[in-house]
Structure formats: C-alpha cells, structure tokens
Amino acid sequence: MFDQLFKDSEIEALVTDEAIIGAMLRFEAALAQAQADVGLIPAEQASLVARVCGAGRIEPQKIITLAKKAGNPAIPLVKELTALVGETDGEAARYVHAGATSQDVIDSATMLQLKAALLVLDNGLGRLQDRLVALADEHRGTVMIGRTLLQQARPISFGFKVAGWLDQLIRCRQRLRRVGSSATVLQFGGAVGTLAANGPRGLAVLSRLSERLELAEPVITWHTARDRLLEIAASLAMLAGCLHKIAIDAALLMQTEVGELVEAGDEGKGGSSAMPHKRNPIAPTMMIAACTRIPGLLATVAVSMVQEHERAVGHWHAEWGPLTEMLCLTGGAVQQANDLFSGLKIDAARMRENIEATRGLVYAEDVSLRLARYVGKPESDRVIKLACERAKQKGVHLREVLLQDPSVTKWLDQNALAPIFLPENALGLADELINRVLRLASQRPDPETKRA
Amino acid sequence: MFDQLFKDSEIEALVTDEAIIGAMLRFEAALAQAQADVGLIPAEQASLVARVCGAGRIEPQKIITLAKKAGNPAIPLVKELTALVGETDGEAARYVHAGATSQDVIDSATMLQLKAALLVLDNGLGRLQDRLVALADEHRGTVMIGRTLLQQARPISFGFKVAGWLDQLIRCRQRLRRVGSSATVLQFGGAVGTLAANGPRGLAVLSRLSERLELAEPVITWHTARDRLLEIAASLAMLAGCLHKIAIDAALLMQTEVGELVEAGDEGKGGSSAMPHKRNPIAPTMMIAACTRIPGLLATVAVSMVQEHERAVGHWHAEWGPLTEMLCLTGGAVQQANDLFSGLKIDAARMRENIEATRGLVYAEDVSLRLARYVGKPESDRVIKLACERAKQKGVHLREVLLQDPSVTKWLDQNALAPIFLPENALGLADELINRVLRLASQRPDPETKRA
Amino acid sequence: MFDQLFKDSEIEALVTDEAIIGAMLRFEAALAQAQADVGLIPAEQASLVARVCGAGRIEPQKIITLAKKAGNPAIPLVKELTALVGETDGEAARYVHAGATSQDVIDSATMLQLKAALLVLDNGLGRLQDRLVALADEHRGTVMIGRTLLQQARPISFGFKVAGWLDQLIRCRQRLRRVGSSATVLQFGGAVGTLAANGPRGLAVLSRLSERLELAEPVITWHTARDRLLEIAASLAMLAGCLHKIAIDAALLMQTEVGELVEAGDEGKGGSSAMPHKRNPIAPTMMIAACTRIPGLLATVAVSMVQEHERAVGHWHAEWGPLTEMLCLTGGAVQQANDLFSGLKIDAARMRENIEATRGLVYAEDVSLRLARYVGKPESDRVIKLACERAKQKGVHLREVLLQDPSVTKWLDQNALAPIFLPENALGLADELINRVLRLASQRPDPETKRA
Amino acid sequence: MFDQLFKDSEIEALVTDEAIIGAMLRFEAALAQAQADVGLIPAEQASLVARVCGAGRIEPQKIITLAKKAGNPAIPLVKELTALVGETDGEAARYVHAGATSQDVIDSATMLQLKAALLVLDNGLGRLQDRLVALADEHRGTVMIGRTLLQQARPISFGFKVAGWLDQLIRCRQRLRRVGSSATVLQFGGAVGTLAANGPRGLAVLSRLSERLELAEPVITWHTARDRLLEIAASLAMLAGCLHKIAIDAALLMQTEVGELVEAGDEGKGGSSAMPHKRNPIAPTMMIAACTRIPGLLATVAVSMVQEHERAVGHWHAEWGPLTEMLCLTGGAVQQANDLFSGLKIDAARMRENIEATRGLVYAEDVSLRLARYVGKPESDRVIKLACERAKQKGVHLREVLLQDPSVTKWLDQNALAPIFLPENALGLADELINRVLRLASQRPDPETKRA
C-alpha cells in the first residue's frame, strides 16, 4: 500500500521485472561474445545473438506470464531468444545460453542490477555527505543541549551532533562502495556449477564474461553460497540504521516542546486533515517508515542463505523480493534525508534557550569536576548532587544555590563560577572531534572501492 | 523482482493503491450517512457526499502523486472530494470527512481490505481443506515410512501424514476466521482520538458507522494501540508456517531418491533450462519461496506496534507494506498448495518399497516391545539394538538375524515374528487419529467466526 | 550480558534446565499412572515409577551433561529413571516411558512450563491492570496535550491516555489467558505419532494423561505441527508491543523539556556515573530494552515452525531458547511496568502549562469547527490556518489574533471565543471513552479462559 | 532451555557477567594509566587504581545485584572501585573513572569481549578450514550426484561440494577477521561524547587508551552510532548461514534413502529413546538448531542501531543480549562442525550407486550437448527429452533407449555413447575449480586482518 511514498523511484526503475529481463539479455549477449572471444563459438554468430538481445524484440510481459509456470523467468526467456535468433540463423540458435543454467543468468542479472542501484545510492549519499559536512562546519559554534536517556545532560554544539551522524554515514557509504565492487560477482557454472557444458575452455569463458559484464570473477560457482547477498543486505541495513537514527533525532528535535529544528516546506507539505495549525514532520516520518522495514527484510535474506545442495528449492527465489525492497526503501530514505537537509531550519536561539531550561543543572558535572580539584570527586559529587536537589525543589538557578553554599564558596567564588555556566565553555573537545570527522570526509574513497 | 510469481493475484487486486482509495471513499460515504443517521447532518447532503464517493470521479493516480508530499493519501483525497461535492452543493462540502482524521480513514480502509482479503484466503483454504480431507481418507491404508530427523523411523500411512497437515490447517483457518471478525475494527476518533469534533453524538456515529461498514466497533480509539494488526499478521504467519511445512514435506518426498510423490504438470512446467531429463517441483518451490518471507515481515509488524502518543511518527506508515505483502504471499502459497494437491500423484508402490529399504530395521521398536513382554524393556532394547547392528553390518534382513538369535527365538518363533514385519500391523492408532481429524474437519466453523 | 537486569526472576526460575527436568519427571510419573488408570500396567508399579520421579534422586546436572551427547535431555533422563526404578523393582522398570518418545516428554514438559509461566505473567498483568484502572479513573480530569507525529495536537486527559493503554493491555491479557488454556496441549504420540507402542488403549491413555497433567488433549499428535507455539509467542509479542508503547510514551513524557511524568525512585536509582544532576528513567529504559528483543525472537519461532516429516532435524530444538527468552523478557517488562506505575508522579501543573506552550494553537481545530458553522469548513480552515501562521510569526496568542480578524469576529466575539480556549472544553468524549474501557476492565474474564 | 547444548562453552565463559566486570576493570585500569601517560594524573596513583582493578577484590555478584537498580553495572562498579581505592589513598580515589561515562566503560568492555570471542571463533574456523581443505583434496575423484531443487541433476565430486563450502567459509572467516580488527573500537567520550571532562589532553588520552587496550581508535565518540555492532553481528550471521547450509547438506546426505554420509559416533550418541535401530544425526541437528536462531537476533541488533540523541533510552541495553547469544551460538555451530568433520564417514560406493538411480537420466544434458553438435540444440533437446520420458516410462536405462533411436544412432553409436555415461567424464572443470579454492585457502590472511 502506497509503497511509492517510501521508495526511490530511480532505483525502483532499475529493479522492475522489465529491467531484470534487460539485464538477463545483457548476460546472454555477453556470454555468446565471451565464448566467441575464447574461440568456442564463431564470432559472427555471437554477434547475431548479441544483436537480437539488444534489439528489444522480446516482450517482457510475455516472459513474466510464462515464468509463473516455469518457476523462473530464465526458461521462457531463453526459449524466446533461441527462437528469435533461429529465425535469422538456425546454426546460431544453438549457441544461445550455451553451457549456462537459469540461475547463472538470473544471479548475474541480479548482480548487474544491484551494482547499478548501489551507484544511484552512492550518488545520493555523496550529496547527503556534502550537506552534512557543510552543516557540521557551519554549526560548530551553535550550542545546544546534549541529551542522554531523553534527559538533558550537558551542552554540545549542533555541529558536533551532525559530525556524529556524518562519521557513521561515511562508514556506511564506504561499506556500500566496498560491497559494490567486491560482492557483485558473476555467476556462471552451468547445471551443477562444474562448468561441465563449456569444455576445457570454461574458465577462460568465465574470465572473459566477468570482464565484459564488469562483475568480479568468482573463485568457484556460488549457486548455493549466498553470503555476498547477505553482505550487501547487511550493508544496506547499516545505512538504514544510520538514517533512522538521524530521522529520530530530527523528529525529537522538531517536537513542539523542543522546537530546535523545523522542516522546510511549502504549501501542502505536512498539513493535517483535521488540525489547521499543525505542521507534521514529513521527511523524518518517511525515513522512519522506510527504515523500520529493513531489519525484517535483512532477517529474511539471512534465512534465505541456507540453500541446500547444488541449487535450492525455494530459498533462492525468496531472496529476490527482500533485496529489491531493501534497495528501494534505503534509496527512498536517502532521498528524504536529502530533502530534509536541503531546507532544514536550525533555530539557534531556541537551542540556547533550551539549555537554560534546567536553570543551570546541566552544568552540574562541570562544577563538580572543578570542585573535585579541591575536595575530591566523591565529596564533590555529594555536595553538587545536594545542590541540584535543592535547586530543583526551590525552582532557583543552580548557580544561586551554589553561591549560598559555604562548602562551595570556600573554593569557588562568583568569578570562578560564572564562566562554568556558559555553554561555550562546556563543549570540551567538540571542535577537535568535528575536525577529525571533516578530515575523514575529505579523504578520497580508498582505492579498493574505486571500482564501484 | 518477479513478485507476481509468488503472490495471489486476486488478493493483490484488493490491496492496490486504487483499491485503498476505493475503500477510503467507502469510509467517507458511510461517515456522512452515519452522521445523517444520528441527525448530525442533513440526510440529503449526506446522500450527495455518498454519491460523489461512488461516482468514480476521483483519479487514484492524482491522489497517489499528491500523497507523496502530504505524507499520506487521506489529505489530498479529502481535499479532492470536498471540491467535487462543493461543485454541486457548497453547503454539503463542509460535511465531508467531518470529525475524522486521516488515520481514521486509512485505518478503516485498511481494515475493509484486510477483511476482504481474509475472505479470499478463506475460500482458498476451504478448497484446500476439502482436498486434504479426501486425501486423508483415501490414503488411510497407503503405508509409507515415517521419518524422524531425516532417518527412516517406523511405518505410518500417507493418510495419517495428511491428517497431521489437515489438523494444523484447520486451526490456522479458524484463527484467520476469528481475527477476520474480531480484529477487523473500525477506526474513528478524530485528531487525538477523543471524538472531540463530533459533539455529544459521537458515540452514536461510531456505532452506526461500524454497522454500515460491517467492521467491529472499538471500545476506544486505537490509533496507537496496534495489537490487532499484529494478531492478524501472526495468524497469517501461522498459516504460512503450516503451508511451508507441507511444502517441505512434499519436496522431500519428491526427491529422486525417495520418489513417493510426483507433481502433476503439463508441458513447460518444471523443466530445466539445461537438463532435458529434469522435472523440478514447482508448487513446493513457490510455496517455500513465499512462506520464507513471512517471518521477517511478521517481525516488522511487531516492531511497528510501538507507536508513541496519540498518533505515531513513522511506525504507522511502516505497517502498510508488510501487511499487504503478507496477505499476497500467503494467498499465493494457498493457491500453489491447491495446485499441488489438485493433481498430485502418490506412488504407493514406491512408498511400500521404501519401507523395505532398511531390511526390516524400521520394525525394531515393534520387535523390542514384543520381546519386552518376556524379558523387560532394558534387556529387550539391548538385544534388539545388537541385532540391528548385526543386520546392518551383514546387510541381511533384521528378521533373519533375529531368527538366528536364541535370546529372541526362545520367546518369539517365525510365526510370532512374521506379522510384526508387515507395515499394516505397524500403524498403531493412525486410523483412529485420522478419524478424529476428519470429525474436526466436518464441524461447522464455530458461531463466533460466522461473521467473518 | 546482564540479562537478569531485564528478566523476571520468578519466570526464569520456572524455565531453568532443572525446572524442565522436573516437568519431564512429572510427565513420566503421570504417564505411568495414566497407563495404570486404563489397565495397561499394574497400579502398584505405576506408583513406584511416580514415587521415584518425585523423590528428587535424579541429579539435573548429570542429565544436562549427558544431553549434549544424546542431542536432547530425554534420552539420559529415561535411562537414569529406568535404572533407579529397576533398583527397586526390575519388573516396574519396563513400564518407564512406555510408548513415549523423547519429544513427547520434552514437548509436554515445555507446555507445563509455559502454562505455569503464563500464570505468573497473568498475575503481574492483573496488578498492572488494577493500577491502570485506578489511574484512568483518577486522572480523567487531568488535562494534558495530545500529540501526533510528535507535535502538539489538541488536549486530552491523562486518564484518556491511560485508558488507551489499558484497552490494549486487557486484550493482550485476554489473549494470553486464551492461549494459556487452548494452546497448552499435551504431546503424546510415540516414535512417529501413531501411538503404535500403546496398543488399542492408546487414546484412553492420551485422554487420562491430559487430565492428569491438566493440559488440553490434542486431536492428533503435533510433533511437527507447531502453530500453537507461534500462537503463544505471538501473544507474548503483542503484550510486549503494548508495554513497549507505554514505555516510549512514559519516556517521552519524562523528557526534561516535557516533564509531565517523573519516575519515583530512591537513592541509587537512575543516577548517572558522570552527571550529578541527572535522574534517568529506569523502568521505561528496562522495558524498552526487554521489548526490543521480542520481534526478532518471534521471527525465530515463526521460522522454526517449519518442521519436516514426523520429527524435525533442528528446528524443534531451535524453538526452546527463543520461547524461554520471550517469557522471561516480557515477564521482566511487566515487572518494570508495575514498578513504574507503583510510584509514578504525575505533574498535572506541568501538563496544563504545556498545553499553553503554543499560545492557543492547539485549539485551532475547535475554533475552525465553530467558525465552519457559519462559513463552511473550507473557508473556515483557510481563515484559521492564516491566523495560526500570523500567531506563530508574531509570537502572540491565537485568541488575540482572532479577536483582531473581522472575518472571525463577524461571527465569534470574545465571549464566544473564550470558552473554546479552555482545555476542559476540548476533551470531546474522552470521559465516555474512559468509561467504556473501565467497564471492559471490570468484566470477568470470559468462561473460555477460566481454565487458564 | 538447554541452551548449553548449542553454545560454545569457551565463548560463553568470555561473555559472562563476571567476564564483563573483569573487562570493565581492565578499562578502568587502562584509563587511569593512560591519563598518567599524558600527565593528567600522577603515575603512582594511576598504578594504585590499576592494582586495585587487578586485585580481584570486587565481588561480581554484588555489582550484578546493584546493577538492577542502577540500570547498568557501571555505576555500582565505579562506586565500589572508588571506595576500595579510597581505602588506601583518598587522593587517588578521585582519579577513578575520571572523565568517563558508564557507556564508555561498558562499550569498551563489550569490545574487548567481542575481540576475544572472535579470536576463539577464528581458531575453531582455522581447524575447520584445514579439515575441509583435506577433504576437498582427498575426494576430488569421489564421484557423487549433484542435486538441484532436490532432484538428481548431474554428477559432481564430493571434493567439489566441499570446495564450495570451503570457498564460502573462507570469505566468512576473512570478514570476521576484518571486523575483529576494524570494528572493535574503543569507546571514550564522557557524558555526551565531547570529552569535556578530560581537559585539552582528552584526545591524547583517547589515543593512549586505544593502544593500551589494543582497540581501534575512533574518529569521534560513537555512543549512538552503532553500525559497527551490526557489522559484527552481520558477519556472524554470514558465518551461521554458511554453517547452516553445510549442516543441511550433511543431514540430507545422511537420509536413510541417500546414505552417502554417516556421522561418526560412539555409544550414546544419536540413539533414539524409542527406536533401537536409529542413529540420528547429532552434529547437523545441533548446527541447524543454533544457526536457525541467528537471523532473528541479527534483526534485533539492526533494530537496536536506532539510538537517539547522545545516549539512548533502551536500545543500547537491548544490544547486549543478542550479540552475546550470536557469539555463543555461532561458536557452538563451529564446534559441532569440527565434530562432524573430524569423524565423518563418506560412503563412496553409495555415492556411485546413487548416480545410477535414474538409469542414466543424469547424463541427459551430456548426451544432448554431444548430439547438438550435429543437430543443433533445440532439436537435440527435443530428442533427448523424449528419450528420457521413454526411459522413465519403460524403466530402462537411457543408454538403451538411445541405442534404439535412429535419430540418435545416426550420429552417435555405442562407442560414442558409452563414455558419456561414466561419471568421471561428467565432472567438467570440477578439479580446476577445487584447485582455485585450495589456492585461496593456502593464502595467508591479508595484512589488514593480521591484527585481529
């Protein structure tokens, strides 16, 4: 229901039934050509096969209908392709799909799609990374309260919060780049994976076919060794977890009672059907909705890894849907994240105001650390905790309570206390930590992942 | 990818975006009429709203496009509907969607769809139940080997195996009928669930609206109390687990080395793209593929239950997709199961032959029990275990080994031993247990579930 | 790691290895007695078996160690029990475990444990229900803001919020009671489920054994028909989802910026290791931690349902852990919920204060509805939306903006507007809805579930 | 229930509550020393702290009890440690846990445990890899039938099957080594991650502490950026999927009707409580049971990634259990796999015999490919498919059918046909593919992973 609300349409277009039939034809074309490359079949006839594959004469919907009966789309596709090639050259028809099995075509086509979809994702992540880099830098001085267990804890800067998001996002992106090159592997093994129907030159075909399709070459057939698909799925799940965290943070900061972030929006965005005053957070909602569905899909891919013998009865087929869903949903979440940050309003004044909500309690650790220099940490903790209680009960500022407590003023006078209660002085090494993340962001992706 | 291979097309048609828009319009029509029923709005204008809802003038694709921006389809739908009603009667326009919130419309529409889809499922299950009843009865004398931990254990009948499937299926069907009536509940509460915008007659509207839509009436608004959706999802998952078990049993019995069941098929079904001799099991494969995806979706529905405050930021939206998937996939598995059993060939000769594969070892328990009458169970177990070892080593029939063992022949001679080695004598109470299940199957569904 | 933080210790005690060995012995005792009841074995010797089972002479740890080799604990237990009985009466030894298989013992013992654990859970839920009933009633007039998509929406009462929790909790409790009686079923079928080793009186044994163990009698052996375990697991997951929702609501209401709820606590509870001022919400944290683990476990139980042939190779064993975890974790969450509500402080003043945070915007729907009586809903929505924007921009109260807007004041003067801005007048039918839930809570559990 | 049946006891010992308290003390010791290293606190007093940490004076059970109230074990541990240090030197007490927060200690301790457990796992995997290398090499000539969709397809060798397992296992092991070094990262950030309580030398402390604990140094605090934990969990899940596949293959090959593998076992292993002749497969059962539980746990770790703000309310706590379970269960599966392969009996005769079960049908593809050289693939497929049908119907060997079919014998006579029906000639490039895997296995682990 209304799945297109949550999915990336560019990625969806890459994983339609039509698109997979296109990718399957790409495999069949490259297979004939690779076999010609190593002298297994005549070049001319390989070219014919490739031409027919590229000519758009195969009607996807017909294949899809026949697939229901056959149990997979490869069987009717190969039949159709063979017939079409045979119309021109009966001899060439016998070179169609030679030495391959259904799963070779479908797995390789899946890998071509995954690789293309991961590239779309990477582009979206590149834009998101750039936006977060700018925000982290720009808001290194925008003080706000840090929150732990949903309680105000002590000040941070908004730039520091963004840097934390960014650090995780960079890792997630790097993993996707890595699997985009190392885990998108050619499948080609024939009926039981032994390349038995390719004669002694089978390994040469394998190698050429990998090059032609720009998929990594496997050491051995992996019809029932599916770890790489779980690796890709898990990398998507890490990204989804990262985006989900950002979305939750944003939604919480957009709460009426917090109000530190506001989503940009034009007419019709975020309105309520009943309440004229409301502005609902749309992008975080859509991100949360999309990412919530990922862990279950990940579990399905993990369950599906268990494929018996040389080719499996059902678990292979069970992988297709969840992987496609994961790509479309994480893609949708990346799109929404880009939307969110492209116009996000940061209310620095409200951030500063919220720091004051506890009347100084959020500086308790800083006062305690300072006092501990003189009286030791246990004693200092005890004194400050009491002062905090008193401040809460009386509803006065912690600073005022402290200034009336001789066990404090003996060591710290007004002049010593005042600067402790400024948020700018409470940021610790936030700035240096931001810089470390920005340096990481500016590094070129590691060579291993360049191929992606 | 190729999801239509695994899904029930009749159910899919019930849960499209178009169908949900239809169900939403049904809600809006019934709402206006219910409000007229209790005197809240004029009957004539309620009729106009209902007429416009039913007139097919709203273009689903337009609503879908606008939904992306609004975050849900209710907002643009209400806007469009209001405009259309307003074209005829400006006064009537203000009664459109009165007192309702987006989630009221969408949740109720979802419930209408769920109820309709559960009915389709129930019909398919009815056919399947009838087929299994016939098989269990027909094959109560068809002896086969029972298997535990994938080892031959001792004889059963094929009818007994089917009765075991049937017993579970009946329970799963009953649960779906029960949730089809008790868990498909109207949603109607307004912005925060208090029916605040309906005036004092809100509860009367609630009641009439339930009746008009034939959905159960809730005690209180359940915008963020989603247990019923998990209950429905879990009932689907139990059915899927039941069908998955049947599919695995069938696929294992279809193994070349077992060959006790063969799937019926015409040309093009189950062929291999590489191996001309092969006939792959199609229905079990498709059933396994569909059912494998259910537990992950179930987990997602469970995660989505956690919806904060009065209406949730994302988890509500996350439910839609998984629930729809679960309906379509279990529906597809029911369809495939009906296909499987409509033409299944049972090879009774092969079943009998396989019982003999161990040369009598599968009767070891029976011999041991008989011997125990004379020598006690521990001693009997010891003697028979040894005899089994000897039979295995020498490759001779257990009966022959026993006949040469004085510690056996002292108590049991050839005449006593021979009938123990007939499968018909080893079935225990299989027949009575089948009868118990057939009696259960013949009971009318309990009254509680009639409404479903 | 630190699992006991999250688990109910009373339930944990019920599901230890020792406890399951106790339950297995209870089965073996009842089996011998049931067989004596129907005249299958001598009463005296049945009594001996029962006496040895109850005598505590079997050392659990020894069984556990041997189980590792045997693959399950039933085999060494039966061996040990047989030996012990044999010490007294060699004849009686042969009646130990007669006609049963390992899975009969373990499944029935599991069911005994589940039933006992569900009873502990029900007691905890009874206390929780009582507490929520009192809170809903007591706080029906405690106004607070309702929140949707984490934005302030319009007023509700705290009692109304609690009633929503309660309604769901009652349903979850009823489901657990229902499965506690209908799904806790005896297992007794022998090696392949045919009761072959019990002679013609097998069904009578089945029946007597059910009565003796107070477990429901199955229609047919269910060694590989595991839907009931998923049904129990799903019922636990619904409860967990319900408690998780309550915990999230509580944690959000405890936010520093919201401050409407405060967890009671003594010294040492909720303190921070670094920040002396902090009071972390402990019960909600523990509840969330426990409940977050449930959906994944539920998925595992669903996956494990797929058990091939007459007894399964691995999936049966895979059920034990997750079911136990689910019981202990939901039990822990119930305990924490009881802790939470036993001392929860409700800050009614802060609740009222927060309603005013938007300067009247949360009454926008009410004003709009009132104005719509004169100008129609679309026009009214337009006017009020504009007024809301103006109020936000200028930072003044919505009431003031409206009083300066002639398109409003033409229909509504100060006297008409003032009462709309009182939260008490904005609660709609909250009170009636609370009453409906309280009536539901006061009903006795339905007869079907009395046995639980 | 009986969880120790499925878990690795060496890993379990590493992740007990006691062990985590040990690891937490290791962190506190190293923290004081690192702070001394950079001149933040006196070396002598740092030594005292380290000494007390190592002295075993802290009673784990006491900490565990207090943890329940505090919500985590760090708070009581620090209190206790501070008190013990204070007994000797009041001044030193204030340096305990300085600048750290609870989550710093617990996360770092968790990472120390994960790293240690991954090492145990790697050792077990090393032994398993060696065993599989030997089997693949030894059995490269042991012909058996390859099976697809549970149907006999065409011959492979047992060595080839093992090489497929091995290839996947090597990748899974490499991933675990990689995450063992790159994803086991120090946590140290203080209350909100800004290192605010460590003064300007905080980054130097971070760096020294990483070195001392041999954990990777993070770029920025990752209190709520949990991707690495999901990465570790996913790597475990890939391994589990790999082992599960091996176990299923083994269990299927051990079926009575297949009988190609037999598990070694001594007295008491794999016996049945009811059937004296049975030998159940123990190691595959235990492996399946353990691995079936992994995907659900993986989903939980994925869900738990979503941690709001600077430290999370519940999802952090939810990670501990599942990660620990995953380690113990995959460890148990590795142990069982080593058991399985240490004494596995391969019945080469039965393997060869099973190839003949279809009377030559499994050579259909080979005959078809040969015939296609003369008549083209479509015609050849047609002819051979017909011959297969005839062979099945008449129950005669495919070779005999072919020898009586002029459309075959026109091109292929007895001499040409005979060698096609030898399994040794049907293995394709199985041998070369085995060699590729063995070369991979002989490579030293890549430098990146050496640190692990």
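The letters A, B, C and D name the chains in turn, as written, and every chain counts its residues from 1.
In this section, a residue touches a chain if its C-beta (ideal position, glycine included) is under 8 Å from a C-beta of that chain, and two chains touch if they have at least 3 such contacts.
A quick note: this is a predicted structure, and the numbers were derived from the prediction, not measured.
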{"item": "Copy pair chain B, chain D: interface residue numbering same or different (half cut)", "value": "same"}
{"item": "Euclidean distance of C-alpha centroids - chain B vs chain C, Å", "value": "24"}
{"item": "Distance between the centres, which are taken as Cα means, of chain D and chain C, whole angstrom", "value": "33"}
{"item": "Of all residues in chain D, the ones touching two or more other chains", "value": "147-150, 153-154, 190-191, 197, 251-252, 272, 274-275, 280-281, 285, 295-296, 298-300, 303, 313, 365"}
{"item": "Topology of the chain contact graph, where touching chains are joined (line, ring, star, complete, other)", "value": "complete"}
{"item": "Chain A-touching residues of chain C, taken from the complex the two chains share", "value": "147-154, 251-252, 254-258, 272, 274-281, 285, 295-296, 299, 303, 354, 357-358, 361-362, 364-365, 368, 381, 384-385, 388, 398"}
{"item": "Complex contact set, residues of chain D against chain A", "value": "82, 86, 90-91, 93-94, 96, 98, 146-150, 153-156, 160-161, 163-165, 167-168, 171-172, 175, 190-198, 200, 202-203, 219-222, 224-228, 230-231, 234, 237-238, 240-242, 244-245, 248-249, 252, 291, 294-296, 298-300, 302-303, 305-313, 365-366, 369, 372, 376-378, 380, 426-430, 432-434, 436-437, 440"}
{"item": "In the complex, chain D residues that touch chain C", "value": "1-6, 15, 17, 20, 64, 66-76, 78, 97, 100-102, 105, 110, 190-191, 197, 247, 251, 268-275, 280-282, 284-290, 292-293, 295-300, 303-304, 313-318, 320-325"}
